[in-house]
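Paired with chain B in one complex and with chain C in the other, chain A is shared by the two complexes that follow.
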Partner chain A sequence: MNFLLLQALTGLAAASSLFLVSAGLTVIFGVTRVVNFAHGSLYLLGAYIGWSILTRLPTDPGWFVLGILLAGAATALLGLVLETTLLRRIYRAPELLQLLATFGVVLMVQDIALKIWGAQDLALPRPRWLRASVILLGERFPQFDLALIAIGPLVLLLLWLLFTRTRWGTLVRAATQDRDMVAALGVDQRMLFTSVFALGAALAGIGGALALPDGSANLQMDLSIITDAFVVVVVGGLGSLPGAFLASLLIGLLQAFGIVLIPGATSILVFAVMAVVLVLRPHGLLGRAQPVSRAEAPPSVVRAAPASLRWAGVAALALAIAAPLVVGPFALSVLTEMAVAVLFAASLHFMMGPGGMPSFGHAAWFGIGAYTAALAAKSLALPMPAGMLLAPIVAGTVALLFGWFVVRLSGVYLAMLTLAFAQIVWAVAFQSTGLTGGDNGVLGVWPAAWAADPRVFYWLALAVCLGATLALRRVLGSPFGYALRATRDSPLRAAAIGLDDGAIRLAAFAVAGACAGLSGGIAAYSKGSVFPSFIAIGHSVDALLMVLLGGVGTLAGPVIGALAYTGLYDALLLATDLWRFALGAIIVVLVLAFPDGIAGTAQRLWLRGREA
Partner chain B sequence: MLTRRTLLAASATLAAPAILRAQTSTPIRIGEINSYTAAAAFTLPYRNGWQLALEQVNAAGGVLGRKLEVISRDDAGQPQNAIRLAGELLNDQKVDLLAGGFLSNVGLALTDFALQNKKLFVAGEPLSDALVWEKGNRYTYRLRPSTYMQAAMLVPDAAKLKAKKWATVAPNYEYGTSTVKWFKQLLSAARPDVEWVGDQLPTLGKIDAGATVAALAQARPDAILNVTFGGDLTSFVRQGNTRGLFDGRAVVSVLTGEPEYLDPLGAETPEGWLVTGYPVSAVTDPANQAFIAAYRAKFNELPKMGSVVGAALIASIVAGITQSGGTDTEKMADGFAGAAFATPFGRAMWRAQDHQSTLGTYVGKTALKDGHGTMVDWRYIDGADALPDDAAVKKMRAG
Partner chain C sequence: MLEVEDLHAHYGRAHILQGVSFAIAAGEVLVLIGRNGAGKTTTMKSLIGLVRPTSGAIRFAGADIAGAETYRIARAGLGYVPEERRIFTDLTVMQNLEVGKRPARAGRDPWTPRQLFTLFPNLGEMPTRPGGRMSGGEQQMLAIARTLMGNPSLVLLDEPSEGLAPVIVEQMARAILALKREGVTVLLAEQNLHFAARVADRAAVIETGRIVWTGGIAQLASEAGRYLGV
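Then we have the complex of A and B:
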């Protein structure tokens, strides 16, 4: 019994740390609608800056508190710079494009932190008072953790006062509910957005600095916190502070007790809980449906490309077919990878663009397809074509089953439910060591003898991937494609003319899953192996980046985005040690230069030329 | 489509100067792949180590009269990247052999790649046993003491402890689970009275230290096996110190004596842990002192474990190529076996039976000195003394 109580206290301390970071994230989202991937980077910077400050200050409690607040102020300043130089310029861009920009920032910060603070973990020497413990229920419990338990509710209280007792807070709440109305009433939105972002950044920085006494500042902490913070924000309900607090408690306690009951499964427990919460409450525990933004015009109908673009496409295809005759084996493997990426991105675009269903977990289908193909070859000894055929069938079937839960949601909630599912699939692949080889993956999945020549395999991959991509385009131009867009643009009117929007969205979801599975099946044979990292969050993010980089609003977008992203990644990885910084910087520049994606902006410029 | 062609052209231009050099002096080219960005704390000192050794080899006239060249790539911690880069090194850079690796899964992926492409792969850091045993093949050699060897080096001292009830904590992936498995098996064999009372498997990089420490304490073990490292280890030690988990308990801890992981513990280094590691300047052996002096002269800091691995990797490859009399892959696959090489830890050799090197490591106890962690009562254990007998190896290698 005592143990359970102590474990609960430990969970509460963890919950407080989590709440600090999540509070900033949820406030930023509520007002600016920015899915801020860089929040983890601000947390990381808070820890490193905190280390630099605290190691130079006396070690008394008073100085410690001051140092933490200074670290918060410094990250607030960085947040301010980030908002004014980058995000402010792209608020009008299509939804989720800001995510792409903030991801670029994540990459840049990783290399910047490495350059400034070095590779070694930086641990803050703890003075005696930070190491002290008190005897609680017969066991030693860290004093600092007790302080943390108090800090969570204290921050919640302060934020509550700030939001309810000040004019600024009132405006923030108003903007969270209806930002167009606030703008119509003449409130300076820019100031509001900037200050909210700075506040969120400060909370992340303080959270990072407060992580120092219990651990160290290290280069992995940005990505390790960001998913948990997203989970908390979504489970609590986007934009809801009390929701974030409640969700932090839930996650903190769950982890504390989870490791007692099922050691090794805690990270999955978190995602399983998120899935359950979202299925039962589609807007999180305390969230509300997001009001439709009145400022945005409905996306224009995507039409078939003009003839000149078609010819460009045919020329590109001819080049792609002829490529193996001129390029070397490595370039060929990059081209094969690009073909796979094109289908992977096109399948995500299918549900995300015309379908209006963004996904943070698209790698799940890719991974299921890849594992299906690999296990068909290794465990069932099936020939390669059978494996490649099974891949989309299995992925599509699982997508159909799971999609039933997903399609009832919308926006970021939908995206996060797909992420939860992807994490569960990842865990199954990672933990079922007997079947999947765990993190060592399935090795030795090489193509059949007739396709062993890299050139033959490339042509095969090109035919399958481009064929499927063109089929997806075809579907979008069919009555089904228009019905799908109708459910995205106006669910009410779509229902009124007799469209079954649930069934249509579900079908689109399954088709997207099957196509991603097909690309995974090809990838398995082209790499010769399959790993859980095929399903990891990073791979889902890759798909998202490709689609956003190319442009959600055009049919050519995912194709161009996939080619640009894969090409950039491969070229930079070979060219420089600082490839993360370079890739991040290029992404940021591209986002600023092409706010509608590369293809989207090209299309706009093209149309402008036509109209003039 | 412009993008694709421009980029390929751009990467070709970048590679061009290296190709020109190759034509004039035909150096021996090693294609090296490691997780430089994903595991910088270990791999950057490692890179320093191989760069230093490379410089020394070339200053001494190279290998078989040819210059040695290393072309290095970052796999970002992803096995699929490693495979793609291995293809690039093989096909575009025309390397003579592959080397490197940090994570077990990257190492195994490259092992499979080596078999498929019939190209030699010399693994430096990956600790997975499968690399040379279950998944081992003719083309793969591995330098560092594996998870089995690390466990085998610690068990004799662990078996002398009075402790009967043991608990374990390890990161939840191959390295962690494999080390725990071997340690349990070997200790239970040496001490049939030992009882295993609890296992914790935190996610790598995301340990919930407070809860983990409390759960371990709740199991009331007499001793603990720790396999965590890096940021997880720091968090674990801090919570353990404050909560008194280590008071009156023996702790056996893998890799914790390596400066990469010991240094961040600082003044909180727990005393008396039985660890594997590297006591750096305390080892007065001339080979080690010479290495430290050269390393300090070049990088102005003390070497770490990674630096030793990097330097030994180059030495082991040089010895292997010299003994093979060239860089023909089939000749190297046979010729590396039995080649002896000098390392900062002393002499080691490539075993013929499983292509594991006999490079060992230091076993000792942690201690605090002037607010820093250090190793005391250490001794070097040769890798050859920490391996199972040939019959057992043969059985595992057969699959």
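Then we have the complex of A and C:
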């Protein structure tokens, strides 16, 4: 009994911290409609800046509170800079580009933090009052955690007062619903957005600084908190503060008890709860359908490639086939990686562009394919072709089952559910050490003897990946492809002309999963080993970057994006130890300069040239 | 007070406004009359800055406001009541008014909620009701009242009579006439000729993005019949 109580209190303390961060995220989303990936970076900066401030201040409680508030003020200032330099320019951009740009910021901040504070985890010296505990039902419970428990509801109350009792709050709530109307009433939305962003950033920073006493400032905290905060915000309902509070409690308690009930599998529990909530209430616990804030038509894929582009493609293919005769082993491995990346990106583009289903967890299918191929080789001792065949079949089947949940949702909610599923797959791969080797991965997955020569294997990978990519392209031009686009552009009208919206989306989802699985199967044999990192968020983001870099609205986009991204990534990795910063900066610049992606921009310029 | 000269606007590649020109004198009620798709709403949105005109000039109170930012245009004294009303459904009547509130124009008394409740008695009965739980007519009244809280010198009213019961339409007409007495200039977009005739001084007929006829409201019925197809 006592134990349950203590565990519950621990959960509540965690819920408070989680709420601080999620409240900032949800407030920013509510007004600006930007899903801010960089919110985790502000949390991380809050922790590091908090550490720098607190280690220089006297250790009394009063100074501690001041230090925390100063850290919040510092991140508010950073948020201000971020909003005015970057976010302000992309408010009208498509959702996923905003996500991409803010992810660029995440990468940059990681390297900046590494340069300033170093790679070591920074813990706060704990003075006596921080270590003090109270006796509850005969058990010791940290006093600081009790204070944390109180902070959550307190912040909720303050925010509630701010949003309901002040003119500023009323304006923010009005802008959350209809920014243009607010502007037409003479309100300067830019000031409003900037101040909201600064407030959200301050909350993230305070949350980060408050995480110091029970933990440390470290370089992994940005992505770990942003995943949790996304879950909270999505479960609570995007833009809803009470929803975020409720969801924080739910997730905090789940994590606290999950550690006891199923040790090591708490993330499965959390994401499973999220999946259940989203299936029952597609807009979260207290959320509502979001008004469509953009009127622009979605990108359409209708044009056949111009003859010149076809010839360029044929020339590139000829080069790709001839390449192994001239290049060295390293370049060959990069080329193989590129072939795999092209299919991986094309499969994501298939569901995301024409299908209108942005996935945040596309690496799940890649990983399932890779593990299927690897385990087929290692555990079942199947020959390589069988493994490569099983990879798409298994990934496609799982996608078909899971897709049943996914295709009911849309937009950010859909992206988050796919993220949740990928995290579950990742956790399974990571924790089933008996089958998958856990973090050590599955090693020694070598190609069959006839394909052991890297050149032969490269040709095989090229043939399979390009073949599948071209097949996807062919499907998009078929009646099914047109039906898919119809369901994307107007589900109602599509249904009215007799298209089975759900079944079409589900089929597209399964096809995308199968193709990603195939690319994973080839990657398994090409690398010779499979690791949980194949399924990690970072890898899903890689796929998104490739597609968005190339441009969602063109058929050549994912191919160009995959080549550009893989090339860029490998080149940066070789050129500089600040490759994250460089990659992040390049992403940000690309989003600002080419909001349609590389291929989209090229297409626009080409069309403009033709019309002139 | 407002002069629009050769205004062009596009939605994507569609050329909606193809050279709109007209002028309104201070204190006047001008009705912009035309069929669906003629360009009434686009004209209004171009004036308030929600649609960026491709070319042309909009002179308001001595400055060219074409392409300026929406909030600056609004602060210069242009009020906009959209066709869809766009009430903040989560906010109460009073809070909706609060969002619209701006300082008074020099030499004029500001609108207060109390005065607006005299103008629209229905609103006075439900100051704490959320906008989402009001009828269409009540929302239309609130949309006008909210815009008036900004003390505009010129109000753009986009089809205020659309979809309303005759009793409410009559209330709208009385409200517009009351505005006129207060010295507020009004640009009205309408398809309802009777309503227009009841409140407007002059009419401008818009057809496929151009003003094809301008004149006194009394002449409209006789002379503009061929344009309107009535």
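Keep in mind that, in the parts below, the second predicted complex is superposed on the first by the 599 of 612 C-alpha atoms of A that agree within 3 Å, B and C clash if a C-alpha of one lies under 4 Å from a C-alpha of the other, contacts with A are read in each partner's own complex, and residues count from 1 in each chain.
Just so it is clear, a residue touches a chain if its C-beta (ideal position, glycine included) is under 8 Å from a C-beta of that chain, and two chains touch if they have at least 3 such contacts.
The structure displayed is predicted, hence computed values, not measured ones.
In the superposition on chain A, A:120 contacts chain B only, with no contact to chain C. Once the two complexes are laid over each other on the shared chain, residue contacts for A:83 go to neither chain B nor chain C. Contacts of A:182 after superposition on the shared chain: chain C is touched, whereas chain B is not. Judged by the touch definition given at the top, the superposed model places A:13 against chain B, while chain C stays out of reach.
By the touch criterion stated above, A:446 is placed in contact with chain B alone, chain C being left untouched. When the two complexes are superposed, the chain touching more residues of chain A, out of chain B and chain C, is B. When the two structures are aligned on the shared chain, A:222 is found in touch with neither chain B nor chain C. Contacts from chain C toward chain A in the complex involve residues 12, 48-50, 69-71, 74-75, 80, 82, 86, 88-91, 95-96, 98-100, 102, 146-147, 150. By the touch rule above, chain B contacts chain A in their complex via residues 1, 3-5, 7-8, 10-11, 14-15, 36-37, 40-41, 43-44, 73-74, 76, 78-81, 83-85, 87-88, 90-92, 104-105, 108-109, 112-113, 116, 128, 130, 135, 172-174, 199-203, 205-206, 208-212, 214-215, 217-218, 230-231, 234-235, 238-239, 241-244, 260, 263-268, 371. Within the complex formed with chain C, the residues of chain A that make contact are 167, 170-171, 173-174, 176-178, 180-189, 297. On the chain A side of its complex with chain B, the touching residues are 3, 6-7, 10-11, 13-14, 110-111, 114, 119-123, 125-126, 131-133, 139-142, 144-145, 213-216, 218-221, 224, 255-256, 259-260, 263-264, 266-267, 312, 315-316, 319-320, 327-331, 333-335, 337-338, 438-441, 443-444, 446, 527-529, 531, 533-534, 538, 560, 563-564, 567-568, 570-571, 573-575, 577, 579-580.
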